[in-house]
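The chains carry the letters A, B and C, assigned in the order they are written, with residues numbered from 1 in each.
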Amino acid sequence: MEWLQQLINGISLGSIYALIALGYTMVYGIIKLINFAHGDVFMIGAFIGFFAIARWGLGFFPALILAMVVCAILGVLIERIAYKRLRNATRIAALITAIGVSLLIEYTTIFFRGAQPEAYPDVIPNKSFHFLGAQISMQSIMILSVSIVLMIILQFIVHKTKIGKAMRAVSYDEEAARLMGINVDNTISITFAIGSALAGAAGVIFGIYYTKIDPLMGIIPGVKAFVAAVLGGIGIIPGAVAGGMVLGVVETVVSALGFSLWRDAAAFVILILILIFRPSGIFGKNTREKV
Amino acid sequence: MKKSKVFWIYVAIALVVYAVVQFMISSGNFDMYYSNLFITIAINVILAVSLHLVIGITGQFSIGHAGFLAVGAYVSAIFTTNLGWPFPIALLMGAIAAAIAGLIVGIPTLRLKGDYLAIATLGFAEIIRIIFLNIDYVGGAAGMQVDYLTTWTYAFFVALITVVVISNFTNSRHGRACIAVREDEVAADSMGINTTYYKVLAFAIGSFFAGLAGGLFSHNFFIIQPSQFGFLKSFDILIYVVLGGLGSLSGSIIAAILLTVISLYLQDFPETRMIIYSLVLIIVMLYRPAGLMGTKEVTDLFKFGKKSKGGNVNE
Amino acid sequence: MSNLLLKVEDVGIHFGGLKAVSDLNMEMYQGELIGLIGPNGAGKTTSFNMLTGVYKPTEGVITFDGKKMNNMSPHQVTKSGVSRTFQNIRLFKELSVLDNVKVANHSLAHHSVFSSILRLPSHFSGEAKMERESIEFLKIFGLDKYMHELAKNLPYGMQRRLEIARALAAKPKLLLLDEPAAGMNPQETHDLMELIALIREKFDLTILLIEHDMGLVMGICERIYVLDHGQLIAHGSPEEIRHNPKVIEAYLGEEVAE
């Protein structure tokens, strides 16, 4: 039952990617920006969770919610301060700014607390169950259930609430949405808030699962989550979840086959294959330029 | 005739700079610290100018230039250190290997546009890095010992050749074709420009010179490791091109020189350096998104040539 | 009549499930000036895009000068002698007026990349020839005095002229003009039409002209094709088209809808 074990590990990792990828995909869907700083919001979430649990003695859920709130605020600040002016700038300027914001968050964090890693405290009892020969830890179950609950809430917000309707309208046609009386600025800010909150949650979950966090931890998962978003079809919410899961499972399988040093390459190989053969992603529709 | 006169004036100035620095080094007035600074400046100028051709002239947003730097660094190091070939030939082999890597990366990815191309080139650079990480022959993560062979003379003349070649390329029908691709790919195609050919060509030339820079880079240290060629290195090069002004050859050279000097002074405070770097990047993008020089050249400022566009240092 | 230059047989294209153009049949003979008209959204520009290789037709055959063009990319189409202008001006904005024309002259030059990098004599002679020829085209259009201006700084009417000058610099046999007079006032339009007649004579061109405004093409075109909803609804001399009930209906229908 080795494969079942790997599948479970892969899904646990994949759900972390999925949570980060959701923020990428929502932001890209609404303002067509690859928010490189998103991985760093994830890192900040992990640190907030760490301080909440280890220093202030909060439990898992209060820490999770605190991290989400702080990250939501951070996301809105990033958007208002850096990205808002760039709405009509070139894509290159926007991408460079996003890289700048990412570096700024990383090195400001290092400046204040150093680059050394931190060990995450145990908040979830380290129990595990046996199921069809596979070992399922309490943490895996926790990760998965938190991720699923958050995704259901997100789905509800996007499809059943007024703000969700506004988000979809703005991502479809910003100008038309504005003419219909939608407050585009607020809608974009709320999108950043929700996406960043999900990244914050992913940070806390990552810390608990992998137990080690550091100020540069957001770079690789951030880029991989973007790969997941592209894989699922950027701008498509269920696509981000599916892409994250696929990526998590593939990486776990590559590691299990004894190629753990190649694990990071797997994500990029997938990225390039998908960009070349199906750039619109698994769930995406093809669009063409109007001449 | 006026154009080529201006061009030769610049070459003469460059040669004077070379001679002065060389004199200071050989007379012992410059210690290792300064000679290293000048070599690093030359290497970064090569990197900036080679990426300028890809992004500034052809408009292809590649953010994985460190991958080609890595190919040049490792391949040339294998030729000198492991095979005992002469340094100049090893440099050339590294550059050719990087150009081939450029073709392999460019042919499939250059059909992508904008953000997608950016992220694909970033991915390829990372794959290249991971490949070196996994080859025991070049020492894996621990790195590879390399002979110290790079001198100011090598660095300077390779940089000069790079600038002349890329400037000559830009100021010809081929360079104009690349600028047309940057400006409007559909229109360029409809005007008879083989857009794929020129995108791949610019990418391969850019990779070739990045490979040359890689050879100089690796032989300027005693050891190279895959971790030196990560995202951050790619972003460093990107920053030269963008801050200098997309489309401005002299802008990218000036930015490379300035930023190399600044980061040397801040090398004892790496976090501060990165914070300043990133703030400058954000502020420039928000308030002067065209970069310091825009698409203008130093030559335009002194009204040597006629009013211009593109990248014409020797027009 | 003189020899057949362009033959379009049962050409159609669909995007996903949507049929944009279907069963398009056209013939153009050497030296003709033909109009392609139709209401907004009739498929005129889509047809142009198929003729120039921007879109690949999903059915039918396009033959130009005896060669099948269906699978050619735009630059190959241009090299075989068809060039075009764009309805929504697509100049190279950051290039000078002269360089815009030089770009179109690109495929007529032969000096290689190596020759340019090493500044061999062939580079200088090649570039000089491109410059001479490009300036000549600019003179015809009265644009030579703006030679060193950036294309984006030209007034609108001049930009339209530059589009045509650029297309002409590729030395086509067949020139496709996509609403060249769009946005011009009557005087400018009149001048432009005279200019088109002039270049046609001078360069022995065959011209296909898209126009939204029916009155405009009536005066200068020998034959007219009319598209509506992606279908060819009529074809004939201006006089025949003027009295064709289907054409009147298509245009009237539009006016009512507007």
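We adopt the following convention: a residue touches a chain if its C-beta (ideal position, glycine included) is under 8 Å from a C-beta of that chain, and two chains touch if they have at least 3 such contacts.
If you're wondering where the values come from, they're calculated on a predicted model, not measured in any experiment.
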item: Most widely separated chain from subunit B, with each centre as the mean of CA atoms; value: C
item: Centre-most chain [mean C-alpha coordinates]; value: B
item: Separation of subunit B from subunit C, taking each centre as the mean of its C-alpha atoms, in whole Å; value: 40
item: Subunit A-subunit C separation of Cα centroids, rounded to whole Å; value: 48
item: Interchain centroid distance [CA atoms averaged], subunit A/subunit B, Å; value: 33
item: Set of subunit C residues in contact with two or more other chains; value: 54, 86
item: Residue list for subunit B, restricted to those that touch at least two other chains; value: 186
item: Numbers and ranges of subunit A residues touching at least 2 other chains; value: 291
item: Interface residues, subunit C side, partner subunit B - complex; value: 52, 54, 73-75, 78-79, 83-84, 86, 90-96, 99, 102-107, 109, 111, 113, 116-119, 123, 126-127, 130, 148, 150, 166-167, 170
item: Subunit B residues touching subunit A - in the complex, by the definition given at the top; value: 55, 61, 63, 108-109, 111-112, 114-116, 118-120, 122-124, 126-127, 130-131, 133-134, 186, 231, 235, 238-239, 242, 246, 271-272, 274-275, 277-279, 281-282, 285-286, 289
item: Partner subunit B, residues of subunit A touching it in the complex; value: 32, 34, 82, 85-86, 89-97, 99-104, 106-108, 110-111, 219, 223, 226-227, 230, 261-262, 264-265, 267-269, 271-272, 275-276, 279, 289, 291
item: Complex contact set, residues of subunit B against subunit C; value: 165, 168-169, 172-177, 179-180, 183-184, 186-195, 201, 247, 295, 306-310
